[in-house]
Structure formats: C-alpha cells, structure tokens
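Okay, so subunit A shows up in both of these, paired with subunit B first and subunit C after.
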Partner chain A sequence: MNDLELDRLFFQMVIIFLTGCMSAVALWKSPRLANCVSHGLAAGGCALMFYLAGTVLAGGEAVLIFIGRWLHAGEVALRIDPLAAFFLLLLSVVGGAASIYAIGYTADHYSRRYAILPVLFNLFLLSTVFVFASSHAGAFLIAWELMTLTSLLLVVYEHEHAANVRAGFIYVVMTYTGTAFLMAGFFIMAAAAGDLSFEKFIAVSLTQPQRDLVFLLAFIGFGTKAGIIPLHVWLPKAHPAAPSHVSAILSGVMLKTAIYGMARFYLEFLGVGPTWWGVMVIGFGIVSALLGVLYALMETDIKRLLAYSSLENLGVVLLGVGAGMVFSSAGKPLLAGLAWAAALFHAFNHGIFKALLFLAAGAVVQATGTRDLEALGGLIRRMPYTAAAFFVGALAISSLPPLNGFISEWLTLQSLFFLPQALTGVSGKIAGALLFIALAMTAALVAACFVKVFGIAFLARARSRKAETAKEAPFTMTLPMLGLAGACLYFGLQPHSMLQAISRVLQPYIGIDTRGLFEVDRIGLMIQANHAEGVLSVTLLAGLLLIGCLAAAGLYYLRGKAVRVTAPIWACGRAATPRNQYSATGFSGPVRWSFRYVLRSQRQRIVDENENIYVGRKLAYHQSIRYIVDEAIYYPVQRWILRQARFMKRLQAGSVQLYVGYVLVVTIVVLAWSGRK
Partner chain B sequence: MNVLTVLLLFTAFLITRVSNLRLAIQILIVQSLGVAVACVWSGLGSELMHTYIAAMLTVVIKAGMIPYALFRVAARLRNETENKPILSPNQTSLAAALLLAVAYGLVDQALPGLGRDALAGALSGFLIGLLIMITRRQAVLQIVGLIMMENGIYLLGLSMTRGLPLIIELGVFFDVMVAVIVLGILTFRLKLSFMTTDTTVLQKLKG
Partner chain C sequence: MALEMLVQAVGITLLAPLLQGFIQWCKARLQNRRGPSPLQPYRNLFKLLAKDMVVAGTASWISFVTPFVCFGAAIAVAALLPVVSSGWGVSDLFLIVYLFGLSRFLLALAGLDSGNSFAGMGSSREMYLAVLVEPAFLLAIVATAGAVGTTELGRMVQHATAHSFTLPYVLAAGAFFIVVIAECGRIPVDNPDTHLELTMFQEATLIEYSGRQLALLLWSVYVRQLAMVVLFVELFFPWHWFDLIPSLFVWGMLKIFLVGFLLALTETSTAKMRLFRLPNFLAASGLLALLALVAR
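Up next is the complex of A and B:
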C-alpha cells in the first residue's frame, strides 16, 4: 500500500471521529441513539486506526500523512513512523474495546448533559492520535494540551462529587507544570535546530550541558504524565474519577504517551547519552515500581488500586528504558535493543491488561454501585464473564505465564540481569543484583495484590446487599472485556510477532542493534544477547502448564467422586455472617506490617467498654497509611504557598481608599523610575 | 496657558477643602470648563480641527452630562456630607501642596525641557485627584476625584503632544462616561443596601 492511500485512510479516520462528535451533538435529545451512533463511530475509527497502524508497523517505513507550511512555524508535518504506529496500535486496540464497552456502560448515565460524554470521548481519542502523529514541536504541544484538556473534562464529568473536581484540579496543576518543562525542552531543541520540525531535531548539535538539560526537562515533563513517583500525586486521584471506559484509556494509553515522548527524545533526538541518564531513569523506575505496588496493596478502592498499580507498571517500563540507555552509553547495542524492546512491549501489554482490568472493575462498580472492596464478594457466581475477564487480567498483571505480562516482565528481568556488564565498578554490580531482586519482589507483591482483589471481590460470600443482587453486565460490556482477555492470551502465546515488530521499530536508532535479537525457533522464542542465549519457549511453558492442570485434575478424580454435604458454617456457636470473612484490609496486613517503615501505617481501635465482654463488644477500627512522598515534598510546598498567600491577602484589606492609594504610590514610583538618570 | 494651569490647581485645592457634595460638583464643572478652554487654546495655535471637537466633547460630557448625573445622584442623598474624612481639609491641602512639589520634582526628572509649569500643574491635578479618592469616604467625592484625575491626564497629554489623535480622545471620553455611569449606579445601590454612601462600609464585603 502506498503513502497516498494511507494518508486518505488517516483523514477518513479523523472524519469518522469528528462525525462521532457531531452526531452526539445532533442527537442530544435522544441519548440512546447518540450513545450507539457516537461510540459506534469511535469504534469504527479505532478499526481504521488498527489497520493503518498495522500496515505501517508491518512495512517498517515512516509514512508521511500531510505536510504544510504555516507562517512562522515552518513545515508542519503529520508523519506516522513505526514508533508512532506501535503506540497507535495500542490506542486502536484499547480505544476500540473502550468504545464498544461505552455503549453498554454509559447507558446508565443518560441525563441532560449526556451528549458531552461521547463528544469528549471522540475528541480525546482524536487528540491522542495527533499526539502520536505530529512530527512538529508546535503541533505536538497543541495535540498534547488538547489531550490533557479533553481528558480533564472527562475526569470531572461527574462533577457532582467534590472529590472528582478536586482530582481534576490537582491533575491540571501537575500536568500543566509538566508541560511547562516540556516546552522548555522543545524550545532548547528548536533554538539549536533553528526549526520546530522533529526531522531537524534528530541530528541537532547541542553542547553536553544543553543535552543534560533537555534530558532532565523531558524526564520531568513526560514523567509527570507517566506518574513516576514523586510526580504521581494526580494519578491515583484522577484516573478513578473518570468514567471507567475513560479510566481504561487514561491508564492504558495516555500514560504511554509519556513513554512515547521519552522514546522520541532519548532514542531519536538526544541519541546516546552519558551513563547517569540511564541510571537516573532506573532509579526512579524502581522506586515507582516498589512504592506503587505497596500503595496498591494497601488500597481498598478497586479503581484507585488499579491506578496505583499503573504506577508500578510504568516503573517497570522505566526500568527497561533506563537499562536501554545504560547499555547504549556502554556501547552494547544488542542489550540496549533487548531492554528497549522489553520496555516497549511492557508498555503495550500494560495498556491491554490494565484497560481490561479497568473495564471489568467498571462493570463491577456499575453492578454493585460501590468501589469499596470491603463491600463486594461472591461476584464470580453472579457475573461469570466479568469475573473470567478480570481473572485473565489479574494473571497477566501478576506476570504469570502463559500471558503477555509474563513475557515483557521476564524480558525486563533478563535485561536487568545483564546490567553489571555495562555498569563499571563494585557499586554498579551490587546495584544490578539488587535491582534484579527488587523487580522480582515487585512481581510477587503484584501477585499478592491481585490475589487480594480477585479473592475479596469475586470469591466467598457477598459482603453487602448490593453485591448480593448484582447482575452480569450486558454483552456490549463483556464482549470487549473478553476480547482484551483474548489479546492478553494471544500476545502471551505468540509474543514473537509483536517482538519482531518492535525490533523493527528500534533498529534505525543510534546505539541500538536488534538484528537477530528475536529469532523464532522450533521450540519457541530465542533471545540472543551478547554471550548469553536465552530461550523462551512459550509453547513448552503452555504444555507444562497443561500437564500440571491435567495432573491436578487427575489427582482430584483419583481420590474418588466428590460428595456434597450441606451444613451450616461453624463460627463458635454464632451464626456466621459475611463480616466474618477475610477483609481486604486484613489480607494486606502482613505486608503492611513488613513495610511499616515505608508505609507508616497507623491504626486506631475504639472499644466500647460498657458492654459485657463475653457477649461481644462494639469495635470501631480505623486503618490508614501515610504517603511519605506527599509528606516530604508536597505538603511543605503547599504550606509555603499558603503562607505566601496569607501574606498577599494582607494587601487586600477591602478598603477602596487603600486600593486607590496603591495606584498613587505606583504612579509616582513608575514616573520617578522612568526619569532616573 | 499659565492662567488655566493656575485655575486648575486652584479648583483642585478648593475641592480638598469642601465637604458638601453639590459644591464639589460645581467646582468640578469650573475645572472641566477650564480644561475645555485650554483645549481650544492649543487648537488656536495649531489650526487642528479635532481639538475643537475634543473641547466640545469636554464641555458636553465633563461639564454637562457627568455633573448632571452626579447632581441627580446627590439630590437623592440628602443627609450625606463628608463628615469625617480620612484626612481633615487642612491636612489634605497640605498633602496636596506636597504632591505639587512632588509633581515638579517628577517633571524635572522625567520630562525636562517641555513646558514645565503646565506639565507640573497637570500632573499635580492628576495626583490630587487620586488624593481625593484616597482621603474621602463619600462615593460622590470619589467620582469627583476620578474626573479630576482624568482632567489632569487630559491636560498632561495636551501639553506634551498638542492633542492626541481624535479616535483616542473619543475612546477616553467614552471610558470616563461609562465609568461614571457605573459608579453612579453603584453609589445609588450603596445607598439602598447600606443606607449610606460611605465607601468604608464596603470593607464588610471582604470575605
């Protein structure tokens, strides 16, 4: 397929999304129709995007969509290169699933302002497309801001809850601060290149301090979007506030725009940098991964838990990115390719399974009306398809074979394993070994976290009336969930197709060599890096798993036929209520205790002493953790700003005469100043 | 021209001493007429048509419409006089004299060479207008201060540039007119809401 047809396809996609917006506005009086048409068109646009991105990715060549001159901006180009196509593919998969899901999910939200939701949804998808497709600093920043703006409006869509508006406010403050850093980074590049187009940025000559500055600015700017700790404060608040199908895209795709931006800057514009760049990225990555999963484990709000888990996964992606940068600067292109491929593949996989988990969580929230894990339970019998989809997602995020999360996390682990080859000195060796352990621990904690979510929400008995009466979601919601679950399984069993595409994406960049990195053998995927050869045979793994399952089933049946006996539950002579079950807070107790120096958990027990202790006493129990990053960085800043504000407030005494007095003083001072010799 | 400058300053000093609202407005009319004459005066020298239009507008708006509106407001405010000004008349006059000195100093420093007395007079007219706004509680007197300020600015422009372009002057007149209308309405609302036009009551609005 040549460029001409692809660019027509691109514009058709844009028109479909815009039609999606318009149709929702035109049909605002009949929300049911607006819902189907608008979200249906969004799904259609995503299908076109899938085809477009797939074609570019398979071809391995950049495709120019549009180029035009614009006053002083120079040549503004829309270009889809393999890197952009890779992320567009993720957007198309997640966006398509979320669009179909939205048809069923938003049917509960019909109200006078309903039409806004599909309009914003379409615009959000479209602006994200432009973020990936823009090949011009100005166009990129505009698309970036549009994406922020539309996502902000989606976050505060349910503005009846004060918490959502507050979340939106924090989101705005953080993300605009991040954009300011990004703009500074872009302008330094532009000043050196004399042009704003990305093509001119590639071979731009900067001095080393300038390169360091651009690296830091881009890291802070994109890091804010990626929610790396300590720039994460907005993420656990904003992501759960949005409607669930939007949360899926926020976590699944919008966070990845930051990884895309980092890849653009660090692979394409800046090239190979000094070692400390990569080390710094790794450092932030491992902190995000560990703290993210700990906070996720402590959380009982299902959507906020998923948001914290996004912090963890972005941390893992950053580990890959940082390792790749370290390897490039140490002159090990093959290992750099391995690390970057692991990072990109994990970004892709996280997009899919986190979207799946958010969609399933949304179905649960809609069916039960609560996000609190402590009020759920027993949903596997009432919502079997949702439970199955969530189970697959939980397995994938816990990086268990044969699902996609396993492959990318294993590749990341492998690349960290080689890190001592690139880092000289004893400290480097020790750090490499410790990172390896820390990542393994993270994976184990994630598994614990999702055992908790699945066990508490879907197994055992319902903990509230709402959970008892929950109904399975309509097929428009379960179908996309099961589709994404299928994608998790597909990329787990057939990772080489995607990995080879990623190696084609990475091949052209300086300091990276991916030729022959991923070979498909008879037994499975071969990884050939430096002296060590790794073999990952997914078919073998799947076979072993199958044998294990068969063996377990065989043992079960060998013991003889199961006999069902119905009897009341023994609870020390009292009737067992659902409250006697394990709670989510209780489940995370051991971890909370082990990590008490990091989590600073506090608990409060209030016992009513008046009643007879042998019958049972009233107990109130409060458990909270303190967020050390917030306390160390954000609270002091907040206090400082408030102190300044109180000082400024004294100027505003409320007296008209005083205000005019300010005018008089300023006039005289300005006149005197302008006449100074 | 110097006569007019003296007239301007004299009226400005006079206003620092009055506490009766109507008297203040009458003095303001005299001052505005003086400004209009100054405008015509500068037009005579340069034979520019638009200075006459500007002079006419000054007479119509600053000596006609605005005082008329202020009289109407003042007529409704019977028992309102400046009883306890923030600075007493004597102190205000002293401050005005100080401002005159400051104006001379500023003109010498910032704009040397041009017509010294006219510039200093205009500037001190402006500053004394501000002073009135700061030291008086009555809303009507604050409006009077605003117009005095405006007259000062107008004269300043006139003595520096021999008249601004007509379009700018029209804009300035329109600005002042709207400001006075809004202030007049606000004064009236103040009377309705607080039973007084003492602007210090506005401090209650502060949250």
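Up next is the complex of A and C:
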C-alpha cells in the first residue's frame, strides 16, 4: 500500500465523517433514521481509520497525507507518523465502539434537538483525527480548539441540568487557560524555527532557559487537558456530564491527546532535557495517581468515580513519561525506551478499559435512571452482559493478570524499579522506594475502588425500586462493550504485537533505543536493557491459571455429583433486607479513616432522641470529604477574582448617567490629547 | 521444565495443609492444650470435598467461579515459586504479588455477592488491608534484592544466598516477617480461628461458603500461606549445614516448619490489634525495609 492510496483512504474517512454530520442535519425530522445513519457512518469512518492507522503502524513509516501552502502559514501538512498512528488506532477502537453503542444509547434521547448530538459526535471524532494528523502548529491548534469546542457542546448537551452547564463553564475556563500556555509554547518554537511546520521544530536550537520555558508551557498546557492534579478541576465535572458514549471518548481518547502532545514536545521537539524535567513529571504523576484514586474511592456517583479514576491512570502514564525522561537524561536509552513504552501502552490500555467502563456505566444509568451507587445493586441478574463486560473492565483497571492493565502496570513498575540506576545515591534509592510504595498503594486502592463499584452496583440485592426493575441494554449497546472486553483480554494475553509496534514508534527519537528491548518467545515477554532484565510469562501464566482451575474443577467433582441447596443468608435471626447490605460509603470507611488528613472527611449524625433507644432510633447520616487542592488553590483564586469583580462593579453600576459621564470624560481627554502641540 | 513445574505445584499444594495443621498443633501445645493432630486439615478438606453446599439465594456466578479462580491462582503461584535451586527464570515478583491480588479481588467480590453484611465487612477490611500490605510486601523484597537488577525471584534468591545475613537482609527479614503475618491473616493482624465480628477479614469473606467450595477456598488460603513462608525462607534464611544433613529437601522442610513455629509463637504471645492500629504495624515493616535499603 503506497502513500497515494493511504491518502485517498484518509480523505474517504474525512468525507464519511462529514457525511455523517450532513445526514443527521438532513434527517433531523426523523431522529431514528438520523441516529442509525449518522452513527453508522461514524462507525464506518472509525473502521477506515483502524485500517489506516494499522497499516502505518505495521509499516513503521510516516505517511504524508496532504500538503499545501496557505497564505502566510507556510506549508500546512497532514502527516501520519507511527506516533500519530498509534493514537489514531486507539481513537478508532474506542470511537468505533462508542459509535455503535450510541445507536442504542441515544435512542432514549429523541427530541427536537436530537440531530445536534450525532452532528457534534461526528465532528468531535473528526477534529480529534486532525489533532493527531496535523503536523503544523497552526493546524494543530485549530484542530485542538475544534476538539475542545465540540466536546464542550457535547458536555452541555443536556443543558436542562444546571450542574452540566456549570461543568461546561469550568471546562471552558480551564481548557482555554491551558491552550493559552500551549500557544505560548508554540510561539517560542516557531520564532526559533522561523516556521510553523512540525518538521522544522525537530531539534530546533533554543537556549536552555528557552527550552525550560517551552517544557513548562507544554506541561501546563497539555497537563490541563490530561487533568493532572492540580489542573484537574474540570475533569470530574465535565466527563460525567456528557452522554455516556461521549464520556467514553473524553476519558478514553481525549485525555490521551495530552499524552500525544507531550510525546511530540518532549520526544521530538525538545529532545533530551535536564533531569529535573523528568523528576517534575514523576512528581505530578504520583500525586495525581494517589489523590485521584483516593477521591475515586470516596465517590458514590458511578460516572464521577470513573472520571476520578482517569486522573489516577493518567498519573500512572505520567510516571512512565517522567521515568523515560529521567532515563534519557541519564544516558540510558534502553531504559528510557522501556519507560516510554510503559507510558504509551498504559495510555492505550486505559483508553480501552475506561471506555468499556463508561459504556457499561452508561447502560446502568440508562436502565436505572440513577448514578448513585447506593441506589443500585443486584444488576448482575438483571443485566448479565453489561455486568460481565464491567467485570472484565474492573479486573483490567485493577491491573490484575491476565488482562491488559496488568501488562502496562508491570512495565511501569519495572521502569520505576530501575529508576535508581538513573537517580544515583541514597536520595535516588529512597525516592525510588517511595515511588514504589506509592504506586503499589495506588494499585491496591484501585482494586478496592473497583471491588466497591462492581460489588455494590452489580452484586447482592437491589437497593432501590429502579434497580429492581432494570432491563438489559439492547444488543447495539452490549456488543461494543463485549468487544472492548475482548480487547482487554486480547492485549493481556498477546501484548507482543502491540509492544513491538510501540517500540517501532519510539525507535526514531533521540535518547531512546528500543532495539532488542522486548524479546518475545514462547514463554512470553522479556525485557533486556543492559543491567536490567525482566521476564513476564503471559502464556505460561494463562496456562497455569487454566490448569489450576481445571484441577479445582477436578477436586470439586472428585467425590461425586455436587449438590447445591439454596437458602437465605443469615442475618442474626431476622430476615435480611437490602438495607442490611454493605453500602458504598461503608465499604470505603477504613480507607477514609486512614487517609483522613488528606481527605478531610467529615461526618454528621442526626439522631432522633425522642424514640426508644432499645427499638432503634431514626438516624440521619451525612458523610462528606473536602478537596484540599481545590481549597488551597482554586478557592483563593476565585475569591480574588470576585473581589476584583466587586471593585469593577462600582465602575459599572448600570446607571446611564454614569456611562454618559464616562463618555464625556473620555471625549475631553481625547480632545485634550489631540490638541496638544 | 513444564513437568518439573507441575510437580512442584502439586508438591506445594499437597504440603500446604500440613503447615496449617502444624501451626495449629503448635499453638495448641503452647496454650497447654492437646489440640488436633497436624493432619487434621487434610481430614477437614477431604470431608468438605464430599459435602453438599448451601448457597445464598442472592449469590450470582461470581460466588461460583471465585473458588475455582482462587485455587487456580494458588496453583500458579505454587508453580512459579523459585524453590528448586534458582527456580525457572520466570518467577516474577510483581506477577506473584498481583496473583495474590487476583484472588483477593475475587474473594472480596464474593463477600459482597451474597449481601451478607458480615461478609461485606470482611471484603471492605480485606481490601483495606491490601492497601497497607501490598506496598510493604514489594518494598521488603525490593529493598534487599533491588541491587540484582531484576525482579525475577530466582535471581533474587541467588543474590540472597551470596549475601545472607548481611545487615540489609537482617533488617528486611524483620520487615518481611510482618508482611507474612499480615498476608497469612494471623494475629496480631487477623485471627484465623474465629468468626467474631471484631476480627473479620478473610474468614468473613468466606462466611457464606460451604462444602466443596469452602474446601477449595481454604486450600488456596493454605497454599498462599505456605507460599509466603517459602518466600521468606528462600530470601532470608538461605543457609544449611550440609555436613549435618546433606539434603536440600530436608533443610527446606526444617526451615519451613521452624517459621511455622515462629508464627504460632507470635500468635500465642501477642494480642489482636485494633483495625486502625494496623497502619502503624505495617509502617514498622516499611521503615525496616527503608533502613535495609539505606544500609545496602
């Protein structure tokens, strides 16, 4: 397949997405048709994208799609190199699943304005494609803004809820602040390179302070998109507000545009930097990971919980990125390759399982009408397929073998394990060990968090009437979920092909060497980097687990047929009700207590003293936590802005006379100014 | 290699109930009781494997698959441990920790599955304990063997044999012993002998299980216990006097049962800790490990 064919394919894909928009507009009178056609076309576009990205990734060569001169912007090029293709592949998988899911999911949203939803959805996918494909600063920023804009409109699609509009507002403020930093970064690069094209940015000669500045600007700019704590405030609000198939793409792919951007800047444009760059990235990564998962564990809103858990996963990705940068600056190209590969693979895996979890959560919310975990329960019988898909996603996100999350977690742990080879001395050792503790603790907290979600939402008995009458989602919704679950399993058992592709992606960059890093043989995966080795035998593991389960089955039937008698559970002699079951808040209690200095948990208990103490009193119980980052950074800023606004209010009091007075004063000043000689 | 691995897995699995029985027997003796024979766990398992099961009406397929997967994970751990000389070159530390994590995850889910509030309490506490134990577990081993440049346990054991009883290893042995206690669910962390509300961890998540499923789960718990003891012995007591008894196997057994006795001794000489005291207890392990790291 040559370039010409691939670029035709690219334009076909663009046209399909645009047709998706048009058809929704044309068919706005019949939402059902608009839904099927438009989302179907989006899925088709994603299929083409999958093929395109797969071809580029397998070939390992960059493909030039389009080049044109446009006014003063210089040569505007669309180029898909392996790095872009890697992220396009993720977009195609997640986007394809979300498109098919949308057919079933949005059937609930039919209304007069329905057509907007598929239009925006197609545009959102398309602009994300352009973010990855643009290799021109101007084009990139335009695509970036289009992506932000379309996603914003999708976030506020259900604008009847005031909370969604508020979320959209915070999203706008944060993301434009981030873009401002990005633009500044691009300007510095462009001024030095004398051109806006990405190719001219590569290894452009900048002074060290300039490089530091560009590093920081890109970190803040992309960090806002990635939701690094403390730049995360918009994320837990905006992601749950969007319709669930959009949330899946927001969390699964749009966050990864930030990782893509960081890879572009730090791998390609800036090259090897000083050690503190990497150390800083690691620092923010670990804080995001730990705080993100703690907030997720405390959350009882299922979609907001998933959004907080995205903070955690992006933190883990950043650990890989930061470790890669540290290794590069220490002159350990193989280990740098390992760490970057861990970061990219985790970004990919997170995209898949988080999308899966959001889709499944969306199905639950649609079936029960509530996002509150405390009102769910027992859905495993009512919605078996959704439950099975969520179960796989929960295992994967808790990085348990033999699923894909485990492989990338393992690679990240390995790269942190070797960190003392780059950060020498006792401080390096201690820092490495502390990171290790923090990451292991994060992993355990994630497991606790997803035991909670799955256990409370899907197991035992329904805690509310709505959960009791829930119905399984239609097959257009369950099928994509099960497909993504299959992908989780596939990349857990066969990570080789993806890791080989990633090493091809990383190979061209300075300070990184992935040749011979991943050896793949019968027993599985092997990493080999000078004084660092690691073996992970995925195939062997799967085989052993299988043999073990079979042995267990053998023992189970060893002494004849197994008889299972069903009986109600023991509740100390009383009939057990769903209210006897453990609640989500109760489940996270011990962790909340242990981390009370970080979480600032508070509880309020109101006891009705008038009732008899021996029969049981009426009790109201309220539990809340405080978000220290918000309180330390955002509230003071907010107060400052409000104070300034109050001051300004005096100038702008709304009285016409006052304004006329202003005009008069200005006129006099201008006259006096022009009259001076 | 595959065959030897299976033999090892079967061997460890078959030995595991004996260690449990031995610990119980030691405990009974230390408490001036006669106690059941060390072979009692075998009898229990054999009997349970023939029994019918009473299943909670609210339980789903999660409860059904959990015993099988837990047993499978236990077998996998047993096969991967670096017991014979330096192991198979495929026993990764993280893999073993995360395999423990897999069975813990499923057990906790099974606890929530029935809707029994005691089991739910057990799940919550078990996951909380994991938050404390997993970091300590990894740190205690990495602190000493981090110098090896790999997390492959066989190579770590070789390193340990070459540097046995140096200061870092002595410190880390203390750290890891605390982890062994916690991971095996023994006093002062958990009390395996009761189903009392105050001590409910792992035992509580099993509360709705009976018959064959209970047998499988108990057995996998025993295997996990033996695996922890074997790791402890391999990494921190890699010595033997071949002049005295020229058999690796016999020495291995002696050391395993010695650690079993130590566990029984700690169980009889200490009291159960409050749940919220546990962070301090495991922080002690973490500090010892950090000292070992600095001393390296």
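FYI, the second predicted complex is superposed on the first by the 640 of 677 C-alpha atoms of A that agree within 3 Å, B and C clash if a C-alpha of one lies under 4 Å from a C-alpha of the other, contacts with A are read in each partner's own complex, and residues count from 1 in each chain.
Note that in this section a contact is a pair of C-beta atoms (placed from the backbone, for glycine too) under 8 Å apart; a residue touches a chain by one contact, two chains touch by 3 or more.
All values derive from a computational prediction rather than experimental measurement.
**Student:** With both complexes overlaid on chain A, does A:A460 touch subunit B (first), subunit C (second), both or neither?
**Tutor:** Second partner only, subunit C.
**Student:** With both complexes superposed on chain A, which partner does A:W277 reach: first (subunit B), second (subunit C), both or neither?
**Tutor:** neither
**Student:** In the superposed arrangement, does subunit B or subunit C reach more residues of subunit A?
**Tutor:** The partner making contact with more of subunit A's residues is C.
**Student:** Check whether A:W234 is in contact with subunit B, with subunit C, with both or with neither, and answer first, second, both or neither.
**Tutor:** neither
**Student:** Have a look at where A:V656 lands relative to subunit B and subunit C in the superposition and call it first, second, both or neither.
**Tutor:** In the superposition, A:V656 contacts subunit B only.
**Student:** Contact-wise, after the overlay, does A:L413 reach subunit B, subunit C, both or neither (first, second, both, neither)?
**Tutor:** Touch status of A:L413: second partner only.
**Student:** Now for A:G589: first (subunit B), second (subunit C), both, or neither, which partner does it touch?
**Tutor:** second
**Student:** Does the superposition put A:S398 against subunit B (first), subunit C (second), both, or neither?
**Tutor:** Touch partner of A:S398: subunit C, not subunit B.
**Student:** Touching A:R564, do we find subunit B (first), subunit C (second), both, or neither?
**Tutor:** A:R564: touches subunit C, not subunit B.
**Student:** Overlap the subunit B and subunit C contact sets on subunit A and report the shared residues.
**Tutor:** none
**Student:** Within the complex, which stretch of subunit B touches subunit A?
**Tutor:** Listed in rising order, the residues of subunit B that touch subunit A are 86, 102, 106, 109-111, 123, 126-127, 130-131, 133-137, 142, 145, 199-200, 202-206.
**Student:** Help me check something: in the complex, which residues belonging to subunit C touch subunit A?
**Tutor:** 5-6, 9, 49-50, 52-58, 60-62, 67-69, 71-76, 79-80, 89-90, 92, 94-95, 97-99, 101-102, 104-105, 108-109, 111-117, 120-121, 123-125, 127-128, 130-131, 133-135, 137-139, 142-143, 146, 149-152, 155, 208, 211-213, 215-216, 219, 275-276, 279, 286, 289-290, 293-294, 296
**Student:** Under the definition above, what is the set of subunit A residues touching subunit C in their complex?
**Tutor:** 378, 380-381, 391, 395, 398-401, 406, 409-410, 413-414, 417-418, 420-421, 426, 429-430, 432-433, 436-438, 440-441, 443-445, 447-448, 450-452, 454-456, 459-461, 523-524, 531-537, 540-541, 544-549, 551-553, 555-556, 558-560, 562-571, 576, 578, 580-582, 586-591, 593-594
**Student:** What does subunit A use to touch subunit B in their complex?
**Tutor:** Touching subunit B from subunit A are residues 652-658, 660-661, 663-664, 667-668, 671-672, 674-677.
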